[in-house]
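Before anything else, here is the set of structures, which you'll find just below.
First chain A sits with chain B, and in the next complex the same chain sits with chain C.
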Partner chain A sequence: MSHTVNKRKLLGYMYMIPSLVILIVFVIYPVLYGFVTSMYDWDWVAGIDKKLFVGLGNYLAIFKDGLFWNALKNTILFAVLSLLVEFVLGLCCAMLLYKIRKGGVIFRTILIFPLTISDMVAAIMWRMMLDPSSGVVNQLLRSIGLKPVDWLGNSHIVIFTLVLVEIWWMTGNITLIMLAGLQSMPIEQLECGQIDGANGWQRFRYLQWPHLRSFAESALSLRMIDLLRVFAIAWAVTQGGPNRASEVSQQYIYTNGLGGYLDIGYSIAMAILFSVFVVIIVAVVKRIIRIGADE
Partner chain B sequence: MKTSKKLIALLLSAIMIMTCFAVMNAGAAEEADKPYAGQTVRVLLNSHPWQEAIEPMVSEFEEATGIKVEITTLGEDIYWDRVNLGLSSAEPPFDVFMLSPNMTGYNGYVNGWIANLDDYVYQSEEYDFDDIYPYIVDGFRFPDADGSIYGIPLTMETYIVFYRKDLFEEQGIDPASLETMDDWWTALDQIQEAYGDQGIAPAVIRGQDETMPDELLAAVYNNWGDRPYLAQRMFYFDENWDTHFTDDAVKEGFRTWAKLLSMGPIGATSFTWYECVNQFAAGNAATYWFDASLFAGTFEDPDQSLVAGKVGYTAPPKTATGNGTTHWAWGLGISEASPVKDAAWQFIQWGTSKDINERTATATYGPVRASTWEAKSAEFGEEYCAAVDEALNISAPGYMYFNGAAEVTDKIIDAVVRISQGEDLEEVMAWMDGEAQAVVEKEGLKAE
Partner chain C sequence: MKRRTRQDIIRYVLIIVICAFFAFPVIWVFVTSLKKPIDATSFFRFTIPPKFENYLDAWTNSGFSKAFMNTLLISVFTVAISLFAGFLMAYAIMRSPISSRIRKFFFNGVYSMRIIPEMVFLIPLYILYQETKMYDTILGLILAFQVLTLPYCIMLLCNFIRDIPADLEWAARLDGCTEAKVMSRVVLPLCMPGIVTSGILAFISVWTALMFPLALAYSRATTVAVTISIFKGYGSFNWPVMAAASMIITIPQILLFAFCNKYLISGYTMGAVKE
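Coming up: the complex of A and B.
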């Protein structure tokens, strides 16, 4: 009996081998290689063959690099603002779509449409629309007697410009997840609440929201990871300007690496440190949602 | 009868043998004529007027040489990254690529990724390599102007001033009388006064554009006078790698650029050359400063420009120290790891030949051969040719490359934008000086 169990176990492990090989080749090895590389001063401009071991030197240099922290601050600001607006808007849209009996498919398609566009296309499209002189947004403002806005060149506005593009692009994502949550809830509970005299807010707060919380947790976590990893939108819409007011972490890491300075060791060290920040921030977001659940 | 049959057979056999020889000879002649027939050359091009002009002509090259050409074209925003990445791989996905005298070329030279072309350029007398302006070729020599050739120029640009003749005439301003920068500032104020509320800005100039520091060198050189400086470090670093961003000429160059930027249309801070060209071509700016002479081709094309026939050209105006500008170029290089270097050279030789340089000149407005300028001057117009000629007379190569140059140029963009947004010039330039110093120290160029 025991022999058969061991054999079955062994067979189970053997089935895992293909996945394990793929995992090692495509995930574990690159991560380890990246980590080892981050310990080197490997500057391709000085010569690709010249690799100097500096231990944690690159990591220590990051702490003195004001531009890294500026980019991280911009990234967090962008991610938090986008997440809040996307979540509120996405939830509202999901509630409306849930209530709509006729034409729901049309509205759902309209909301989902931006999701089918790649980030780069969305960014270029919005850069054209927000062009201060010839863009349709400022033309619209002019036509109603308002002053045109310098969407891309004003350092006080530019991060909100990126948030605007992001919201247009990805709100549908939250809508879909929350709508799935709403539709998975038994209708009887809501009907009981209605019979018991609960108003709309009470039905949402005490019946729907507890059910939606796990959906919200998934949506918020996934979106937060995505938002922190923003690159194309900042790169194509504002190029990080003016004066680094919209430079985000991924962009700064890329510029230090293959996208400019070719300081490969340093950029990988930044990428690793940034990944740690992403994990911490997402853990904090999840914790915040859970605090609500514990109450 | 038998004899005649034999005779006919003999005759036919002789004809057959002769035909075979003839075919074999023709094949051999063709082989000698097309030694690289059957090879494929992969060409990576940046989206550029030259690329648009050359692509329809490539079939002529293929027919003449039997070499197959596979072209890939990328926008400039991703072009350099792809070149860097491609060159660094063991098997670059291209044999020929567009190159400029910038960090990509220098980096390729340092790492042995780009091919030395010294042995190729004088292979053919007909090619007449010396017809290509030597001061343009020098930008493609590494590690400096006395080094070996790593790229062959195909277009060149010098940085000049474009202005709307019609607006200046309407305001009774004679551009020929505007000799100094101060004269131009007064004229720009008048233009602002007259057209500001009509949506026409007095000036447009590159803002948040990674290529802007190349052009800014022209504005700095316009104030530099005849003092010496080190090529590749330009005006910013001396032989000891001490920084000179607080030098009066450098400060004045930055101040000029920032002031022109602040005079631009709404959003000018974020303009790359693309937006600048569009704005000027759409008639939204009265002048366009320190930018590539080859944009004249766009401005004079009625299909692309609303100001065709209304554009005037001039070399940068005089400052307290005289005047000066810089020039730049695009060229073609070969990746060192290319398995078809000789065939790749055939493509470059054809692409930069007298014939092709002349046939692409209308599109580029910046040919690199003396013979082409001679042939095309009537088409380009007297005023344009005079401005380019004057600019080249006072021009220096605007090439800055050393380990850390890319980081310094990014900080330069930050400094210019900050000054244009009203920050104190002295403070920003002192900050710039410190940042540049930190970069050269970090790169080990200067002992701490």
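Coming up: the complex of A and C.
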């Protein structure tokens, strides 16, 4: 018996080989290489051969780099706003779809179609629609007598523009997950609540929400990971402008590295520091959702 | 009963308003893709008859058709590799008699790979690719995309394999099946929905990805997401062609929606529901 267990164990490790090879070469090695490179002052503009060990120098430089923190601030603002709107809207859609009997499939398909579209295409679509002079959104605003909005040029508005594109793109994801949560709930529980005379809000708060919380937790943390990594939308809708008012972290890191200034060591150091922030923020989001779970 | 109907009407009104917001941009882009440039800047002007040549223009424009075929090739092979390696890995994580600590180690390790931003990989892979002559090659992108798709496929497939009763495997073993047959004849067929689901999602994530092709390809192996970002340089004059290009890029997703709706939905739900 132990002979076959060992054989199966060995076989299991053999099955892992293809994945492990790929993951080691293309995930673990780049991360380690990046970590080492982040300790070097390596600026390809100054010369690809000049590689100088500076220890934590790049990381210290980041703390004095206002633009990095500006981009991080924009990223967090964008992510938190998007997450809130996506969650509230997605939950509402899920509740509506849950209750609707006829035509639910059509509505669901419409709601989730955007999330299969490329973020680049979504960005280009909205870039055309939000064009200040000839974009359709401002035309519609004008035609109902409202003032057109400078979606792409006003530094106070651009971040909300990105949020708008993002919620259009990804709200469907939260809708689907919360709908699955609602559907997995035994219907008797809800009916009990109805008989006991609980009103709509009480039914939601005390019967549905405790059941939905675990769904909400994974939906929100997964969305948060992706939101913080936003790149294409900012890159294509506003190019980070005006005046870096909508520049996001991955975009700033890319511009400093391969996408422009070729300051390789510094760019990697920023990417690694940014990853640390992503991990922390996602952990905080998870913690916030758990608040009240133990009450 | 009356209150019931009134509530239903409110629900329908709400969902129709929300759906209008989600459907409008797609409809608008489709309509715009059939206009003359001069009509595209106004919502209220239409081109009659519709100008289907825009699609031809987009297709023949600045290497778009080549990028389309590249992306197709890259997506298909990326998914094939991810599914092959991912299924073996997921099966081994979930079913081989390793200690639960090692199981957890692999499971969490794969899971946490999802959290690393793409930026961390770009420069190291760029340097690696320059040295190995893999820069701007289709093979290079296929391998680089494993960073995105492989951990994802492993996670999804683990969830699917977990739901397959282990008793079935033991029954097959008692009947004298070899280990290879247990996997290929018992688990693999039962796992088919999972394989289709993760394959579709991995396909979409490669099809739509921007950053890896942007950094690791230049002209030969470029993909549609990058090509369309060059289109945007045409400014407001070429909106119809840009809209047509957007529609062409979205064809695979439209097909998937038409034929694999069920799998798409289970995929987008699965990623989060079970951990």
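Assorted remarks:
Operating definition for what follows: the second predicted complex is superposed on the first by the 276 of 295 C-alpha atoms of A that agree within 3 Å, B and C clash if a C-alpha of one lies under 4 Å from a C-alpha of the other, contacts with A are read in each partner's own complex, and residues count from 1 in each chain.
As a working rule, a contact is a pair of C-beta atoms (placed from the backbone, for glycine too) under 8 Å apart; a residue touches a chain by one contact, two chains touch by 3 or more.
This one's a predicted model, so the numbers in the text were calculated from it and none came from an experiment.
Once the two complexes are overlaid on the shared chain, A:Gly47 sits against chain B while remaining clear of chain C.
In the superposed model, A:Phe107 lies in contact with chain C only, and not with chain B. When the two structures are aligned on the shared chain, A:Leu182 is found in touch with neither chain B nor chain C.
In the superposed model, A:Pro18 lies in contact with chain C only, and not with chain B. More residues of chain A lie in touch with C than with the remaining chain of the pair chain B and chain C. Residue contacts after overlaying the shared chain place A:Arg8 against chain C, while chain B stays out of touching range. When both complexes are overlaid on chain A, the residue A:Val278 reaches chain C alone and has no touch with chain B.
Applying the stated contact rule after C-alpha superposition, one finds that A:Trp151 touches chain B and leaves chain C untouched.
When both complexes are overlaid on chain A, the residue A:Thr255 reaches chain B alone and has no touch with chain C. Once the two complexes are overlaid on the shared chain, A:Asn243 sits against chain B while remaining clear of chain C.
The intersection of chain A residues touching chain B with those touching chain C, taken from the two complexes, comprises 131, 133-134, 236, 258-259.
Those residues of chain B that touch chain A in the shared complex are 77, 81, 84-85, 88, 103, 106-107, 110-111, 199, 207-210, 265-270, 272, 275, 278-279, 282, 284, 403-404, 406-407, 410, 413-414, 417-418, 421, 443.
Residues of chain A that touch chain C in their complex: 5, 7-9, 11-13, 15-16, 18-20, 22-23, 25-27, 29-31, 33-34, 37, 89, 92-93, 96-97, 99-100, 107-122, 124-129, 131, 133-134, 136, 139-140, 168, 171-173, 176-177, 179-181, 215, 218-219, 222, 225, 228-229, 231-232, 235-236, 249-250, 253-254, 257-259, 264, 267-268, 270-272, 274-275, 278-279, 282. If you check the complex, the residues on chain A that touch chain B are 43-49, 131-134, 138, 148, 150-155, 236, 238-244, 255, 258-262. The residues of chain C lying in touch with chain A in their complex are 8, 11-12, 14-15, 18-19, 21-23, 25-26, 28-29, 32, 40-44, 81, 84-86, 88-89, 91-93, 95-98, 106, 110, 113-128, 143-144, 146-147, 150-151, 154, 179, 204, 207-208, 210-211, 214-215, 224-225, 228-229, 231-232, 236, 239, 242-243, 246, 249-250, 253, 256-257, 261, 264-265, 268-269, 271-273, 275.
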